[in-house]
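Following this line, the structures themselves.
Both of the next two complexes hold chain A, though its partner changes from chain B to chain C.
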Partner chain A sequence: MAEEVEKNKTLTRPLPPIRWWMFSLLFLGVLIAFTASLALGSVDIPLNNVFRILTGQIADKGTWADIILIFRLPKTITAILVGAALSVSGLQMQTLFRNPLADPFILGVNSGASLGVALVILGFGTTGSLLLAGLGLFGDLSLAVAASLGAGAVLLLVLLIGRRVRSPITLLILGLMFGYATSAIVSLLIYFSLPERIQTYTTWSFGSFGGVTWSQLWVMVPVILTGLGISYFLPKSLNALLLGEEYARTMGLNIKRTRFWIILGASLLAGTVTAFCGPIGFIGVAVPHLCRSLFNTSDHRVLLPAVTMMGAIIALLADVIAQLPGTQYILPINVVTSLFGAPFIVWVIIRQRRMKSTFAD
Partner chain B sequence: MLCAEGISIGYSFSKHKRLVVAENLDLNLNIGELVCLVGPNGVGKSTLLRSLAGLQPLLQGEVALLGKSLKKIQARELAQAISVVLTERVNVGAMSAYAVVALGRHPYTNWLGSLTEQDQRVVNESLRAVGAEDLSQRYFNELSDGERQKIMIARALAQEPLILLLDEPTAFLDLPRRVVLMQMLRDLAHQLNKAILVSTHDLDLALHSADIIWLMSKNSDLTMGAPEDLVLNGEFERVFAQQGVKFDSHSGNFVFSPHSKKSVGLIGEGLTKLWTSKALKRAGFNVIQCEQSQENYVEVLHKEGKTFWRHHHGGAYEDFATIYALIASISN
Partner chain C sequence: MRKTLTILLSITITLGILLSACQTTTAIEEPAITVVVSNVQSGCVADYEVAVDYFPNKAQVEYAQGFRIEYYSNYKVLTVLQPWSGAEEPFSYVLVQCGTPAPENTDGALVVEVPIQSIVTMSTTYYPHLESFGKMDTLVGVDDTTYAYNETVQALASEEKIAIVGGGAGGGAVNVEALLDLGPDVIMTSASGIPDYDSHPKLIEAGLPVVINADYLENTPLGRAEWGKFIAAFYNLEAEAETLFTEVASRYEALTALTDSVSEKPSVFTNTDFQGSWYVPGGQSYAALLLKDAGAAYFWADDSGTGSIPLSFEEVFDTAKEADFWLNVGFASDLSGLLAMDERYTEFKAFQTGNVFNYNKRVNMNGGMDYFESGVANPDLILADLIAIFHPELLPEHEFVYYQQIQ
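Right after this comes the complex of A and B.
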């Protein structure tokens, strides 16, 4: 009898215990990275002054308040949003396509955005932006608007086609083809364009958190929160999809509806990020793997909050490094994420010796 | 329970182009029965199973669950009635076997998929029913094929279905595990009162464990009956003869070499004689009962506690210590 009770006890331990201390650590990490990103840069601002400025008190130097409130705070908020958005989006894509190499842009959302931006910068040049600005519609948002339109167009296409195709692999190939087609057009535009315009386009394609102003954040924050909100309603469906679409269907999952929401949520996140900050690679692929490896689970109820915070941390740290604290130079964000991030992630995954847990076969 | 009348299964590619796998099937799955769906490869066993599970649209006709058409049943409701185990190998990443089985509670849990006490009880019962309690905390990816199969069946049971459909569940298992698995499915059908349909090309196992066999053949007809019925009315022989395989109604086995070269006599007793006869048949001989007057025959002899085989051929003879040596010599 006692033995029976003991047996039941070990059996009823449901899932690996949700590691609250790991979540607390992640949250602490976000706070530290947030503060560091505010304090460090071309001018280093002491921590006590950072807190004073944030709480509305007077700082030691008047310019510091401007630096933090006008430049660094929007940039830091942007970094958090970008990191969270790309990681959540990437996680969903990897599960939807059951492919460890899938990233947020796998369906061609950023190709669409690139095309929009390329058309504005290379096609119409400054007159184009001036034209858009002159219409009084978008002001300094013209690049973001062009990118959003491009990303939105691709998203719409993918959603429309996604309703008709059976296999997600078909979608994958479609996304790839979109990518080829758009990059061909972009290449064509570059080929016939002027050097200074090409320079502008290349700079955009390096990615940057710094270009987002407070007024742009008023658009970016609600859209990204919507995307995250959609994603946070999906962990159960994503878990069912781990067994494959066929099993998921026999467990009562409406595949078409689920696919619609996953693609909508993920593309909204990825598209918005690309529109405001340029194509930012690496985070979307790497952070989900990093979290699977650290938490040793593929349960999305754990992974969704984990990648949200981890993505924010990585993006903030990348931003800090990109500022090259104490110098006047700023590195492109893509350079930093890939150059510093890749070896780190490789180290973590290999150290875990559980490649399988990263979802790769 | 699950009832289909005049259904056609297959694949439809466009309006005019379609591949019919089988037509005009009348089927009925009853509770408390283990049904084995057997037939040669490529005859459409998987297609039929998937069609019954609602994974694949029918070309014609309807499948009804308790009198209600599958199309009219909500996905969630259907998942509470029918669950499946498919052939594809799943890769769930890092998940414990318990968590995989718990996924089977999908049609019952809330939006977050949290397990209630009732859910946990069902998961535990499912694990116990397949004898996999000790696997529950191990990672699914680290299990052997047989253990994975158990967990996938437990997952299907966790859906608390009335009907369980399994596609080739014995495919990756060795013989002892196949036998154990079929026994387990049989017990599940009888004790938990489920209707279980198993597709398999393992005829031997089907003959020994099924309550009823659905025998599918190339020209798309389906014969049903107790295994013994199908042996006695010659259906097995007919279906497998189409594939060039001979089914021996006496032994209930396949005959491996239907083209017998020549006849050989056999004299002997008991188990040794039985297995010698099997060996000779395997080597392609037509074994006949005979007297010692025969021209060409094998005699099983015992001397000083040892068994040996004497091959008489045209008045001369030769002795062999093993069946292997006997066959090697006699075949030339």
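Right after this comes the complex of A and C.
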């Protein structure tokens, strides 16, 4: 009974004092990371030239304008979208499953996307290229289309089955099983494929922001914004879920409907990211933890905007490091996020104990 | 004294010439010296004699860095100096003339009786050599035929005259049982040094006669082609291999000489971007050397690497936007296919002027390209194609073999 009262207090207490200065800092961080991502790359372009190009003036060298406008700008926008999408998606999944290890891909959307891409790249010799040509209808989206179809198929399955099952644990296991089944098919394709095709597939699985072009952004931006929009309508339901489904139900929450929207929003975000950039790990798990620690809260009204901005910052910084400014070389995004990000996040989380209070029953 | 010696010598030589004209293996009564005029190309030696050199035709390795052949009277030792990139120890094979005794101390090296009568191959690059030696009839098994361009191999496979045993680059794991059943004289394969991918550890364990061929590690086009002599050693066909290779090499050198004097070297870049990473061949790689010999200015020619360099798209764009030619665009078979990969390709001058070429003129139904197959044995044909691309005036009558302009 005392526990009940305690929970009630948590849920109904007024919005915690929003630390405006922290949000301002975050926003400033986004701006700085945005500028850094535009200004730094393997080709050395002075900062004043970057601003001249962005404001439509003539740069010192002709190719610089092209590099900023058709390479770095779409890549930077992609990084922001990816960081925000994965973090928001991860936050929702962690809450839905009340599991600190949950990530945006826990329901198998990226296995679906991987299968789509594997079929195109590793597929049956030229049958793969025929498939690509068949998808010429969608213009330049070929790989992205295949990945979207795969992710969409899994999402549809999860949503359909999700209507029938009661426990989110069942969903979790279903997601796991989808993952096993699709990776088995991918392994089979790899097994019978040529090394150079396998390398192409492996490169895809390392993740990248650089492959997204303007015409792809015309698809990616609206879909990600829709996914984020859905999520921004859910903070109160998410807060209620944090206290347990039973409890949320007594609060008058329609669990099934809430679950539907959370899964739809989160999977839309994760699936779109995987479709355009490959499976990008780490950000979706780490950023929610980082923000819980920094803001010392598990209130989604604070966390949603916080993870959106923090995700964008981390993704932008990862991209800057991946470009290894000043050198000709580039690193895969997943290498950077995990290698540089993990120690930092570990340090932050060990210092704080918010995780225990969020996920302990 | 000196005069007597000279006379004696000339008599011996005359005798030798007379004997070779008869094409026989005869022992001279006095003194007991047997002269073998050429390597034994089929069957075994009936009467082994210790003093006889059974391999009068010896291979001279000039360009290839990866293997060495040492000849003894009745056996030869083939050494693969670097079986895979970073390998610590060479692999040696003792090739013993059939009908003669094997040397006693072989230090664990595989002993093969030559000439061999059956072979299983696990790379398509051996087909052109076997074909030109007239030894396709000894082929009893291959790793996989999906990406094989060679028509004889495809025909043999569809008639089920050769076994498909896996173990190559695209054929899944090696079928040890099928190979034990087949019992070939030699199984020739390449190796990467990664145990999970390589077939040879399993085959050695099963006691099968596996030979590692490291042709793909050669960085020079002629070095790679010279591995034909490596294969020839198993058939005692050194003389034939020498003739064939000398022709290829002299044609290659002649073509290179053609471009020595060109004043204008068109700029060229190769390969395509994938998700922001653009792998370009290192300056000392096989692909870069071909471009250099064809009289083109390759942007990364000064790089000292033999592998590939991972670059960002913007780096390649900054360097090669105004390049004259764009080559080796991978799986793309037309310009719209290239655009489907990334619309930013239109920004390259070479794309706008249509100077885009790919090595996919000869391709099988599954996308297997002959450039990677017979091209390895025929670098002179590749070079001629490239010269016709960069300097059409030098080879006005040229018909493309491997390359074609992408439309």
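For this structure, a couple of remarks:
Everything that follows uses one rule, which is that the second predicted complex is superposed on the first by the 328 of 361 C-alpha atoms of A that agree within 3 Å, B and C clash if a C-alpha of one lies under 4 Å from a C-alpha of the other, contacts with A are read in each partner's own complex, and residues count from 1 in each chain.
Here is the rule we use: contacts are C-beta pairs under 8 Å (C-beta built on N, C-alpha and C of every residue); 3 or more make two chains touch, one makes a residue touch a chain.
Just so we're clear, the structure is a prediction, and the values are computed from it rather than from any experiment.
Residue contacts after overlaying the shared chain place A:Gln328 against chain C, while chain B stays out of touching range.
In the superposition on chain A, A:Glu246 contacts chain B only, with no contact to chain C. Legend: residue contacts after superposition of the two complexes on their common chain; A:Phe71 is shown touching chain C, with no touch to chain B. Of the two partner chains placed by superposition, A:Ser183 touches none, neither chain B nor chain C. In the superposition on chain A, the residues of chain A contacted by chain B and by chain C do not overlap at all. Looking at the complex, you find that chain A touches chain C at residues 41-43, 63, 66-67, 70-72, 75, 124-126, 129, 132-133, 136, 139-140, 142, 191-196, 200, 203-204, 206-211, 213-215, 277-278, 323, 328-330, 332. Looking at the complex, you find that chain A touches chain B at residues 7-8, 10-16, 98, 233, 235-236, 239-240, 242-244, 246-247, 249-254, 292, 296-299, 301, 354, 356-359, 361. Considering their complex, residues 146-147, 169-173, 273-277, 309-315, 317-318, 321, 330-331, 333, 336-337, 339-344, 347, 365-368 of chain C touch chain A. On chain B, the positions that touch chain A within their shared complex are 53-55, 74-80, 82-84, 86, 88, 90-96, 98-100, 102-104, 106-107, 109, 111-113, 115, 120, 124, 127, 133, 136-137, 139, 141-142, 159.
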